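Here chain A shows up in two complexes: once beside chain B, once beside chain C.
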Partner chain A sequence: MTDAAAPADTRSSSEGATGGPPPAGSRRAPAGPRQRRRGSRSPLLFCAPFVVLFLGMYVAPIVYAAVKSLYTVRRSGLGLTPPTEEFDPFGNYGRALDDGAFLSSLGRIVLFGVVQVPVMLGAALVLALLIDSRSARGKGFFRLSGFLPYAIPGVSAALVWSFMYSPQSSPVNRMLEPLGFTVPFFDSDLVLWSVANIVTWSWTGYNMIIVYAALQSIPAEVLEAARMDGASAVRIAWSIKVPGVRGALVLTAVFSIIGSAQLYNEPVVLQPVSDGAVSSTFTPIMSAQSAIAAGNYPYAAAQSVLLAVLVGVVSFVFFKFTTRGEQE
Partner chain B sequence: MSTTTTRPSVIRPRRDTSLPSRVVVTALLGLSAFYFLLPLWWLLVSATKPFGEQFSGTGLWFDGFGLFDNIARLGSQDGGIFWRWMLNSVLYCGVGALVGTAFSALAGYALAKYRFPGRGLLFGVVLAAVLIPKVLFTLPLYLMFSGVGLIDNPLAVLLPSVVSPFGVYLCRVFAAQSVPDEVLEACRIDGASEFRIFRSVSVRMMLPALVTILLFQFVEIWNNYLLPAMVLGDDRLQPVTVGLVGWNASHVAVPPALVVVGSLVSIVPLLLAFLSLQRFWRAGMTAGALK
Partner chain C sequence: MKDDAWQVTIGSQANRKVADYWQGLVDEGLVSGAPMYDQAWYTGLGNGDIATVVGAVWQAGVIKGGAAKGSGKWAVAPMPQWTEGGDQVGNAGGSATAVLDGCDAPEAAWEFAHWLSTDRKAFGALVDEAGLYPAAKDLLDLPQLKAGDPYFGGQKIYDVVAQASPHVNSSWTWGPLMTRTAADLNDGLGKAWAGKGTLAGALEATQRATVNEMRKQGLEVAE
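This part shows the complex of A and B:
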C-alpha cells in the first residue's frame, strides 16, 4: 500500500508550488499573466482527449441504453406491419425480472463467483506461500509457469481447453483412462465447472504474483524474530504471512468477483462444441446478446443496464467494505 | 552426542529446511506447473504433428513433423484470410495502444502534477471505471453504434479501445513517483511551455512506465473479444481471435486442425512480448495492486 500512497502524500504538500501562482520575481513581467493563465488551462487540455472519449465511449452508451430500455417493442398480431417502439418505462425491466432464462443466468454467475473465486484465490495464496517458502527451489521457473497462462488471451485459452475437453480427443481423459474413469466435461451439470477451470487456469498465476509481491513487503526482521522464537514454517505462514497479505487478497477478491459478472468468452467458445450444455443465455451478457440477435434492442438494453447497476452496487459495497477495513 | 548438538548450529544458517519439507514443497509446485503448462504443451505438440493427426494419440509427445506444412495450409485457407486477421489484430492493438497510452499519459500526468477544478471528481470517476469491467459497456456500445451507423467500421473497435481508465490510473501513480516537482519548476523558470515540459522532460522520465501501459493496453485490446465480435460482421475486418472462434464454430467447413495451428500462431507474438518484457509486466501489476 505504501509505495503508491507515499509519493501522493508528499506531492500534495508541494503542490502549491506547482499549480499555484508563480513565486514573485521568477518570471519577466509581461510573461507573468499569460503564463499563469496558460498554466491553469493546460491541465484541462491534457485531460481533454481522455475525458471526451470517456464521455463518448463509457457514459454515452450507458445513457443511450438506459433511454432505449424505457421503450418496449410492440409487434402487431400478424407481423404484417413493422414492430413499433412505445414508451413504457417498466415494460422491459418487468419482463427481465420475470424472465426465467435471464434470472437463471444471474444465478449461474453468482454460484460461479461463490465457488470459483475462493478456489482460485486459495490456490493463488498457497502457491505464493510455497514459492516464498525457504524450502522452494527453482522459484523463478514456478513463478513464470504460473504466470504464463495470463499471457494467453481468454479466447485462445478457451479454444485450447475446448480441445482438452473434447469427448473425441481429450488428452486429459486419455491420461485418466488407465485409472478407470473419464470426466464428461460437457455434461450439463459439469459444464459450468469446466468453464470455471478455464478461468482459474488463466487467472491463478496473475493473482499469485500480486499476493507474492505483497509477501515480499513483509519485513524480514518480523519473520526472523518468529523463526528465532521457534515458530514452524506453517505457523509463520498462517499467523504472519497470511494476515500480512490480507489487503492484497481483498483487492484480488473484489476484482475477481466483479470479473465473474462479465463471464462471456469461455462459455461462448465452448458453446458450439458443448452439444447444447451451454445455452445461448448461459450468462447475463449472453442473454442480452441473444435479445440483440432476436432484434429486441430495448430488451437487450434493459438487461445490460440491470447488470451494470448490479455490478456497480456490488463494487461500491465492496469498495466501502475494504476501505473501512484498511482504516481499522 | 556432541555431533548432533553442534551440527544444526553449523548447518542452519545456510539451509535450515528439512528434506521432507523440500520434497513436499517441490512436489506441490511441480503439480501446479504441470497444470499450468499442460494445455500449452499439448498445443505446441499438436501443432507440429502432420496435418490431420492433431487429435490422435495421447497428444503429449511429438509424432512426425508437419508444422511448416500446417502453417502453409493455415495461410491458404479461405484465401489467406488468417494473415489478414493477424494484421488486423496488430493494427487494432498497435494503433489503439499507442493512441491510448498517449491520452492516458496526458491525463494521468495532469492528475498527478496539477491542481485544477474537477481534479478530484475526475480521479474518482477513473477509479470507479477501473473497477467496472469494460465488457459491461460493450452491448450498450453496440446499440449506440448501430444507432449512428458505425457497425462494420474499424473505428467502432478503435474508439472504445483507446479509452483506458486503468492506464490513466497507472500513469498518475508513475508520474507522481518519477517526475520531481523541482524539475518542472526549473523548466518553467527557463520559460518552457507546459506542453513542451511534458513532451521533452516528463515523458522521458516516465518512459519505462509508459512501456508498461502500452503493453497492458495492447494485450487488453487483443483480449477483448466481445466488442469486435459484435461490431465487425465483415470477416475481412475481424481480428484473429474473432476469426478463429468463427472457424471453431463452423467445424464442418474448416478443419479443426487449422484452429489448433492458428491458435498457436496467434499466441506466439503475445508470448514473445510477454517473456521479453516481463519486468514491465510486474511493474504494472504491483502498481495496480498497491492502491
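This part shows the complex of A and C:
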C-alpha cells in the first residue's frame, strides 16, 4: 500500500504546483493533499456507462427472460393469427423437467464438466509449473504458444477440428489407417469427447496463463527457504506452489464450470458433419434454441433460467466447498 | 378432413414407402456419406463419386457453381416415378420476398418485390446466376430459359423443368413449426444413418414430435 501511495502523492503535489490551489468551496478530503476537485458527482459519471450497459444489456434481458418463462404460448386453429401468451408460472418449467431431450442435454454437460474441467485444469497446472520451474528454457515462447489457441475464435477452431474428425477428410485417421485402426470421432458415444478435445485445446493455455500469473506472486524467499532446506523441485511444486495457486485454480474451475454449461459453438459447428451424433438438442443452450425454432420463446426462456440456476448453484457450492478452510 | 385443422403427413404411408426405398439404398452402401454442401460433397460431385443428386431446379446452380470439375458430366432428368408414366413433382426449398409488418414504405417494398420477381432483366440475371425458375408465367419465355448450358453438355436444362413445373403438388404446404420439424427430422435421419434406427422410424418420430409440439401450443391437429 505504501508503495502505491507514494507516486500518487507526488502527482497531486505537482498538479498543485501548476494548477494552483483548489477553487474555494470544494470539499477537502479529510486526509492530506489529495483533494476532490469536481464535487462528489464525478464517480457517478464515471460509473454511468458501466451501470447503463450493465442494466440494459445484462440485467434487463435476464429479467425479461425470467418473466417470459412464466407464460405459455397459445396458438389456435391453424395458427394464422398471432399467438397469445397465458400466465402459467409452472407450465414451461413442468414441461422442461419432463422433457427427455432437455434433461439428457443437462446430463451430458454435467458429465462433460466432471471429466473435461479437471483434465484441462490439471494440464494447465502442469504446464504452468513447467514454465515456472527454474530449469525451464524458452519461457516466453512456451507461454505464447500455449496461449495461442485461445486467440483463435471458437467457431474457427471447431471448423478446423471438424475437418480433422470428418470421416471423409480426417488426416488423423488417414495416418492411423496403415496401423489397422481409425478413431470414430463421430461415434455417438465418443462425440462428446471429440467436443471436449476441442474445448481443452482452446482453453488450456488460457488457464495456464492465469495459473502462471498466480505462481509469480509466491514470495521468492519462501521458495528459497524450501531450497535451502533441501526440497526437490517436485516437492516444492507440490507443497508450496500448488497450495499457493489454489485461489487461481478455484477461479479457473468456476469459469470452466460456467463454460461447460454454456457449451454451444463446438457442437453446433460439428453438428452438420457429425453423421447424426450431435443432435439439435445436444446441449441445454441448443435445446433452448430448438424451442425457439418451434416459435416457443417462453419455453426457451424457461430452459435458460433452469440452466442459469443450475450453474449458479453448482458454482456457489463449489466455491464454498473449496474455500471452506481458508478463513480459519 | 377438417378444414380448420392441420393434417401432419410426414409419417404417412406414402412417405414410409419412400423411406423404405432409401433405407434399401443406404443398406446397400449406395448413398454417399459426404455431408451435403461440405467440401467432400462438392469433391464427390466433381470426381464422379456421387452420380445422382435429387434436387430442385436451383440445385443445378449449386452443382455448377461448386463442382467445376464435373463440367460436361452432369445432366438434368425428370424425377423418377413410382408408377410408370407418372408425373408427380414436389418442391424442395423455394423462396419468397415478403414485406414485413411495420415496414416504413410498404408500397415501395412491394414495388421492389414485384420488380424482382417479374422484371425480365432482373429475373433473367437470377436464372443465369442462381439457377432460379420463375413463378410468374409471363417469364417462361425468357431467353435465359431457352439456352443450352455448356456445363450440362449443352443441354437445355430448363426444358426439363418447364415440363415438370405445372405438375408440382400444390395440395401440400410447409407446416407452422417447420424449422423445428426439419431439425427433428435431421436428428432422426442422422441416427438412422449412424445405424441407430431406420429412416421410416425417423419419419414416425418426427410426426409424433411435431404433432405433440403443435398441440402443446394449442394448434388444431387432425393428424
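Operating definition for what follows: the second predicted complex is superposed on the first by the 263 of 328 C-alpha atoms of A that agree within 3 Å, B and C clash if a C-alpha of one lies under 4 Å from a C-alpha of the other, contacts with A are read in each partner's own complex, and residues count from 1 in each chain.
The criterion applied here is as follows: a residue touches a chain if its C-beta (ideal position, glycine included) is under 8 Å from a C-beta of that chain, and two chains touch if they have at least 3 such contacts.
Note that this is a predicted model, so its numbers are computed, not measured.
Touch criterion not met for A:320: it reaches neither chain B nor chain C. Once the two complexes are overlaid on the shared chain, A:246 sits clear of chain B and of chain C alike.
Taking chain A as the reference chain, the count of touched residues is higher for B when chain B and chain C are set side by side.
After overlaying the two complexes on the shared chain, residue contacts for A:166 are found with chain B and with chain C alike. Once chain A of one complex is fitted onto chain A of the other, the partner contacts of A:296 are limited to chain C, with no touch recorded for chain B.
Once the two complexes are laid over each other on the shared chain, residue contacts for A:153 go to chain B alone; chain C is not touched. Within the superposed three-chain model, A:235 lies out of touch with both chain B and chain C [touch as defined at top].
Of the two partner chains, chain C is the only one touched by A:275; chain B is not. Shared interface residues of chain A, touching chain B in one complex and chain C in the other, are 166, 168-169, 272-273.
Partner chain B is touched in their complex by these residues of chain A: 1-5, 7-8, 11, 14-15, 17-20, 22, 26-27, 31, 35, 38-40, 42-47, 49-51, 53-54, 56-58, 60-62, 64-65, 68, 123, 126-127, 130-131, 133-138, 141-142, 144-146, 148-149, 151-157, 159-164, 166, 168-169, 171, 174-175, 201, 204-206, 209-210, 213-214, 227, 233, 248, 251-252, 254-255, 258-259, 261-262, 264-265, 268-269, 271-273, 285, 288-289, 292, 297, 300-301, 304-305, 307-308, 311-312, 315, 319. Across the complex, chain B meets chain A through its residues 16-18, 21-22, 24-26, 28-29, 32-33, 35-40, 42-43, 46, 54-56, 58-60, 102-104, 106-107, 109-116, 119, 122, 125, 128-129, 131-133, 135-144, 146-147, 159-160, 162-163, 165, 168, 173, 176-177, 181, 184-185, 188-189, 191, 193-195, 198, 219, 222-223, 225-226, 230, 241, 244-245, 248-249, 251, 256, 259-260, 263, 266-267, 270-271, 274-275, 278, 282, 285-287, 289-291. Residues of chain C that touch chain A in their complex: 4-6, 33-35, 38-40, 176-177, 179-180, 183-184, 186-187, 189-194, 196, 213-214, 216-220. Only residues 73-79, 83, 95, 166-169, 186-188, 272-277, 279-281, 290, 293-296 of chain A touch chain C when the two sit together in their complex.
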